[in-house]
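Paired with chain B in one complex and with chain C in the other, chain A is shared by the two complexes that follow.
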Partner chain A sequence: MSATKQDVRSRDTLGASALRPDGVAKVTGAFSFSSDMWAENMLWGATLRSPHPYARIISIDTTPALLISGVSAVLTAQDVPGKATYGLISADQPVFASEYVRYMGEPVAIVAADHPETCRRALEAIIVNYEVLTPVVDPELAMLSSTELIHPDGNLIRHQHIVHGDPNAASDITVEGNYTIGMQDQAFLGLEAAMAFPDSGGNGVELHIATQWLHEDRGQIAACLALPEENVRLVLGGVGGAFGAREDISLQVHCCLLALRTGKPIKMQYSREESFFGHVHRHPAKIWMKHHATKDGKIVKIESRMVFDGGAYTSTSPAVLINGITHTQGPYQCDNAIVDGYAVRTNNPPCGAMRGFGVVQACFAHESQMDLLAAACGLSPVDVRLKNAMRTGDKLITGQTVESVAPVERCIRETDAIPMPEPMSQKANVLEFPGGSGRTADRHNIIRGVGWGVSIKNLMYSEGFDDYATARCTLSDGVASLKFATSEVGQGFVTLAPQIARSVLGIDEVVLETSDTQIGSAGSTSASRQTWMSGGAVDGACRLVRERLFEHVGKLHNIDPIRLMVENTDIIDTVGTFRISVSDATQGITISETFEHHHRKTEDLDENGQGNCHVAFAFVAHRAVVDVDVELGLVKVVQIATAQDVGRVLNPLSAIGQLEGGIAQGLGLAVMEEIIMDNGRVKNPSFTDYLLPTALDAPRVVAIMIEEPEPQAPLGAKGIGEPPCISVTPAIVAAIRSATGKALLRVPVRPQDICL
Partner chain B sequence: MNDPIGNEMYSLHVNGQDRAVMDAWVGESLLYVLRERLGLPGAKGACEQGECGSCTVLMDGDAVCSCLVMAATAVGSEIVTVEGLVEQNPTMAVTAHAITSQVTDVQQAFITEGGVQCGFCTPGLIVAVHHLLDKNPDPTELEVKESISGNICRCTGYGRIFAAVEAVVQVRKANS
Partner chain C sequence: MTVAIPLTISEALDALSSNPDARLIQGGTDMMVEINFNHLKPHNIIALRRIKELRTWTKNTDGSITIGAGVPYQEMETGELKQLVPALAEAARTVGSPQIRAAGTLGGNLGTCSPAGDGLPVLFAVDAVVHLQSNEVSRQLSIHDFMLGVKRNARNANEIITAVTIPVLNGWQGYTKVGVRNAMVISVASACLAVDKPTKSVRIALGAVGPTIIRCRDAESWLTQQFDLSTSTKIELDLAKEFGRRVALESKPIDDHRSTAEYRRHAVSVLAQRLITRAYPS
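Now for the complex of A and B:
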């Protein structure tokens, strides 16, 4: 693929609403998503999946499939040349199930054929004999020592205990609750898709893939293929959203295996139904939480027990669990705590990363608790939160000091100051009623409610992981070209990176090279980390280039380089009159520098859950206004007011898009989105039955971005991707509670939870 | 490609041109034929069930989900995909401040108002919005929401998409 040329706008530097360089391609249909690839002589790949959540495989007969005209290959576990399993944290997930299938939809075989329909027929022809077993689907049961182990690594994926301060601290008031969070799907629009090209000779493969982390994929793929990493080249295919669901391997290894076996390019893409089985989901969780407080509402101690259902394989469960339990207190001061968290293996679909990563679950519990506490002490939801609001320098229940800018109080106050929406007008169209186009709500049964949610979210990776991102900047003839392996999944790093280069280097024209594995890792596009990490890498590379440019100019014009600086598009002498445009100064020369940005080190938690395990934190407040038809249990979210701690706004247009998009996903979890499980079986793997927010469900969002630059962050900006979707969910549920008086201890809130 | 399962031959009228489809399997959707046989991958498949609108194209002036149309039944219809919009709307082709390519006013507004993130929903939405504004040049906010409620966008939360539609309506009003 060739480099993409940037359109030139006047000074689209940091802080400007620079437009997406891929915008034209995306609006005209010319942008190539990974599913849009096509190659001469290509074959289609497809996957046979287990219909059972738990079963023993007695036999697999692939011969009938191989007899079908147009079928080129049928592969099963015995055809994996390298490592039989993969995984982000623990390689416990088989490329193909061999002895046991452990969740409904687990891959058993793959085929390559000349047409998707031929693939379908081939899959149908494969004969698998199963001995169907009783699935273990309740994590509480799965943890018991009397329960059979459904995986050689055991049923308990991780347990972590936290004890902080005085576990016996006494208080005047206690409030407690048992909360349930349902299984949410990332539901990115661009289904899993990839194209693999085998090297002639079969000793290597090039995979074009929509992923969040090229290098991590490469390592896992190469191990399964038994190829050296350098023989596995990954190129980022156009990514149609990710939200965590592309952090794990899905079809990567399969696609490469088929390409290597057939010697032909292989195109694989999942259907929507298959996608529901093909990637990990947000962990369903059960959380018990008890707050101890003084009479006037100051938190004294929190106790909690959290159980995350990890499903059949580990994925990122250990990290999700740690995020959950280390955010137990929310954005509030708390000196004493006892928390136990469990991530458990079951025969449910594997769960892993999704925007918010464990904090979503904890936040629903702690924010529900804050409202109970408010009621118990006669405080308003706002006052109880202000009273306990965390500040920079406060300690977490892990003993870690929050060094990040922590404008929690400001987030709450500025959200509170946003005007409330008008009451529903007498002339309101039925489409604006709860239930929308169902047109069933009765105006007289509609009650309005208001609710609050505030959250803290860690940024970047935790627990000692040496997290880094790499970028290269090459400056020549007034044009900067940037190279990085950062996955653009829609978030807009391709917009931001040129902004950084323009700001640092004083050039306008920036070219982005292909994102692939021909440079060092950028880490994953997750954990709200790319602006900070890859942004830091681009910034660092550009600064190194600038330093060398100053040396070059200084030498040529006999000026000490230390006196030079960039002003707009010129290099100037700060103590003289010398001035030259960067474009002129770089004619005929090429300067190239690569920079690796590492964030500061973090530590593991000890057995008491103490340690500086996180890097930095961001905060946000949400206030939700809802209309509820209390008879029918229908909800319309009218307005979301929010003030978010962003550090610094680098691109206002991109930033608001992150806030609004995150809010819609949090709304989905609050009132509509859930993968419904029945004894290990997914009941609703389609967009007909898994409901997503549409344009009619979108609330009016009134957003304030709080800019207090973060000293630790290379650009002063915090990650902003995850916070918007976290506390909006409890805020909406609190609003429904205030309209209905119901306890509503689970999300999503279903009509029957309201009206029955 | 040797394709033993299909031998259908027909011709579709797409973006003003007659396009021959050869050796097709009769069960192929219009979406599949556009994308895989005619080299027009602009329309996207994200549910293949008529639920997401990513595959929206115009068929005889109506916005349809091309995943639900059997390609062989589209013979004789006038089909316009996102790739054909600039030509179909020649008077609206603009060269924006930041955009040097030819795009329609709707396409431009999606870029300048921030209506595009991953962009997977975008082609379908662009076609749907063109269709809406052709039929109803001055829609109310609710009409806009209703008319695009069959187009799922997972990234934007729709706010910037509403802004894009509003911007087009205002510009068109000012120009008329």
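Now for the complex of A and C:
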């Protein structure tokens, strides 16, 4: 999509565009994804799901399924030996629904059989009597005290109030809006899949699983299985994308239960349709926001009320909500604020983590507001943002001081300096028009628009959580081997980790050991955190190994180790002439060190939403240029210009991949990606009707990486995974507004929103 | 489940007469989705893909062309077929991805008979004729008599759709389709317009806005009275708009998860206006 200079170095150290070790295998189809796993004598597992959004289970009769030849087990809630529920924050989600089903697609029973088709017949044979109930699907209604509680824990998952500065601060100008964000799906391409191997004797299980966080899964699985954690071993299966959808338990417990019950390896995998019911989605949200400003456009106060629909179970809703409301101000200075956020339980599908994690919703609102403010003050979208741009040392509405590098102004100015795309040429291919291959538009039907979006995103986990990462480095005979439990979900840590080792140790050959639970936790591959956290752990382990190597070499050659350093692939004496290759220096010895990286401590918010709850922040600006067929409401995003605060580029090729991918995902939310609900029912659980951007929808991306190394970050690099998808959505919508003059308060923008 | 893999039409018909409940599969781009969703559990399948007779097209002495039911869309996108039936080439390009266009066929579109079938509005606009063959008889049926409703057609259980004959018209023709992304998308509304100058006729057929493809015969005859289709080169904006409005009146769209009836009605009026303007631009 974009042309970037690639830094080709002779060695694949930090800063080089090292290629993915699994790249060729993935392109040629040789890579083994978790759905490709196979074992002798294995059985297949499958899940019976509720057809109703809300119903009482009167009875379940599994006998007819057990009578089918080839069926080995049929399990329901009563077969869960340990804890009946699980959850990332609050264990309120049942392994199997027993009394009530609370969303369409909720698991009710599982079967193991000799063939997927036998599984399907067994599922059909299970008789479940439901008393169908009226689902509660409107979060505003669900919150009312008069509304029936659809879960013993209540319908309000979390409310948080923020009041900051002077809530009565006066201003010249106010602008306000009511914004709606639809339910986006992560839509990873590698579907949920796992294989569980029971230990002989049935006291343990080994689960090969595509997940974002092996250790968190293990804790939840072990509790449900009533096994000690050490008897549950997890191994990372090949992961085909995650985007937050693999944070929660899906088939993990089910697969292990069947393996333990049957004594055989169990393979489970979801279909695309089942996947839409098998994982959490991005929270749909309704946001009211009001900006108070001076007449020259300086923000005085922001008021907001945000309602996030959490669906039937808690998942990460409390954390998503806090991310949303603590980012209300966006990357702008704001001294006074009153914000209320509500995460609410309904009979819609559970919602949880997705790239951007609550900030996507807030950003659509605050960036739409900034454009309203610009118009009210007679400023350009760029000027209003520059006037309010946050700087290092500014305070957030939580009272937290932004200590991170905060080049907001630079992000905006450098994005603004990127040349605009050429006007549509007379020879332009009709496929490049809005409507694409449908040939709907003629040149004179098309109007071009430009829009802006700028965002702030917290990095790592918040509110007092210590999401540390662990890595071990073993150096022997010139080869480093790295061990960590970090989930490679496509982000490129398997490329980065060897780059770190090469830079620190001066070796070229790096072996990656299996990612599993045979080492300490790496934390989740989410929150833009693995380069910082697992990267910090690998860096720390390699540095410890290097220190011991220097000691060893110093002792052998009678040099004070403090004088030694690594230069390319040699160890040299900085004040003498001694030089030895790392390879030679490590012949016959083995040095191994393990390191845990912890980030700075954070705090909970108090009742007024005040507290240092976040670790660090990253910033980005997006400018979108779109062509709109105003009469038909069809859109083609022509160009996205972006300057992103990345701290330091560790792998240019990998970095641009994150930027382009995030932009495509943010474009999806802007103009097409939505799970359509009808009274608790999902209407479009397939790629026929849940539309992801294609090559003809993807824009040309012109990207600038702003490198101001982050002092807090072990490698100077900020997380870069989430920011690209956050402010690109409001930028695209603003561009459509500029082309059409429509208010467009909702994403995705649908054709009828533009033209009717 | 049995799978018959005939190499000729007559072998296929034999297989069909011994297994009258067998499902016919051509490119499989519809049927495999049905099977994957478990909506269809065929006991017997007759795979038509290796029948060479179905994968060819010919020019007839009357100037029309006959396209075998197994010719993939890919072949219609370019080359001589594109020259002869440009609207079909444009419709073919909107079908799925390159992989789907290499597999999907008009035979499949006709067999499935979805109102959203991308090839069907073209067949309706040009008054195509569907060839059906059983072990006993061959018959030819106008496309207008062939499609009966949503996924319903006049094919008898013992018949195979072998080909479709398309008159080659003398005049502009084009196809356009609205979807919510710029490629690989199911139709929200589509339209094919074809002009035949010698007969001074204009034909417009709409897809995905009714239980069948809809030919807007009232709008067609109205336009014929307003405008000389054989000698004019430019249509006035007001006339084109009114044509669009009248076309939309003949649509019968519904609300569903893909769009609303209101948007679809609006869209076909815009598409019709644009198509007739493309036909008479200056």
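Following the convention adopted for this analysis, the second predicted complex is superposed on the first by the 745 of 756 C-alpha atoms of A that agree within 3 Å, B and C clash if a C-alpha of one lies under 4 Å from a C-alpha of the other, contacts with A are read in each partner's own complex, and residues count from 1 in each chain.
As a working rule, contacts are C-beta pairs under 8 Å (C-beta built on N, C-alpha and C of every residue); 3 or more make two chains touch, one makes a residue touch a chain.
Being a predicted model, the structure only gives us computed values, none of them experimental.
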item: Touching partner for A:Lys683 - first (chain B), second (chain C), both, neither; value: second
item: Which of chain B and chain C A:Gly240 touches, first, second, both or neither; value: first
item: Superposition-derived comparison: chain B or chain C, residues of chain A touched; value: B
item: Partner chain(s) touched by A:Ala695 [first = chain B, second = chain C, both, neither]; value: both
item: Which of chain B and chain C A:Ser528 touches, first, second, both or neither; value: neither
item: Which superposed partner A:Cys755 touches (first chain B, second chain C, both, neither); value: second
item: Partner chain(s) touched by A:Ser271 [first = chain B, second = chain C, both, neither]; value: both
item: Partner chain(s) touched by A:Asn336 [first = chain B, second = chain C, both, neither]; value: neither
item: Contacts of A:Glu631 with chain B and chain C, given as first, second, both or neither; value: second
item: First, second, both or neither for A:Pro434, with chain B first and chain C second; value: second
item: Doubly contacted chain A residues - partners chain C and chain B; value: 271, 431, 436-437, 686, 688, 693-696
item: Touching residues on chain B, where the partner in the complex is chain A; value: 1-6, 25, 27, 32, 35-36, 39-49, 51-52, 54, 81-83, 85-86, 97-101, 103, 107-108, 110-114, 116-123, 126, 142, 144-146, 148-162
item: Chain C-touching residues of chain A, taken from the complex the two chains share; value: 120, 271, 273, 431, 434-442, 445, 631-634, 636, 671-672, 676, 678, 683-684, 686, 688-689, 691, 693-697, 750-752, 755-756
item: Contacting residues of chain C [partner chain A, same complex]; value: 33, 36-38, 90, 93-94, 174-186, 188, 190, 257-260, 262-263, 266-267, 270-271, 274, 277-278
item: Residue ranges of chain A touching chain B (in the complex, touch as defined); value: 7, 9, 17, 19-20, 22-33, 35-36, 38, 41, 69-70, 114-118, 121, 186-191, 238-241, 243, 271-272, 429, 431-432, 436-437, 489-492, 653-654, 656-657, 659-665, 686-688, 692-696, 698, 701
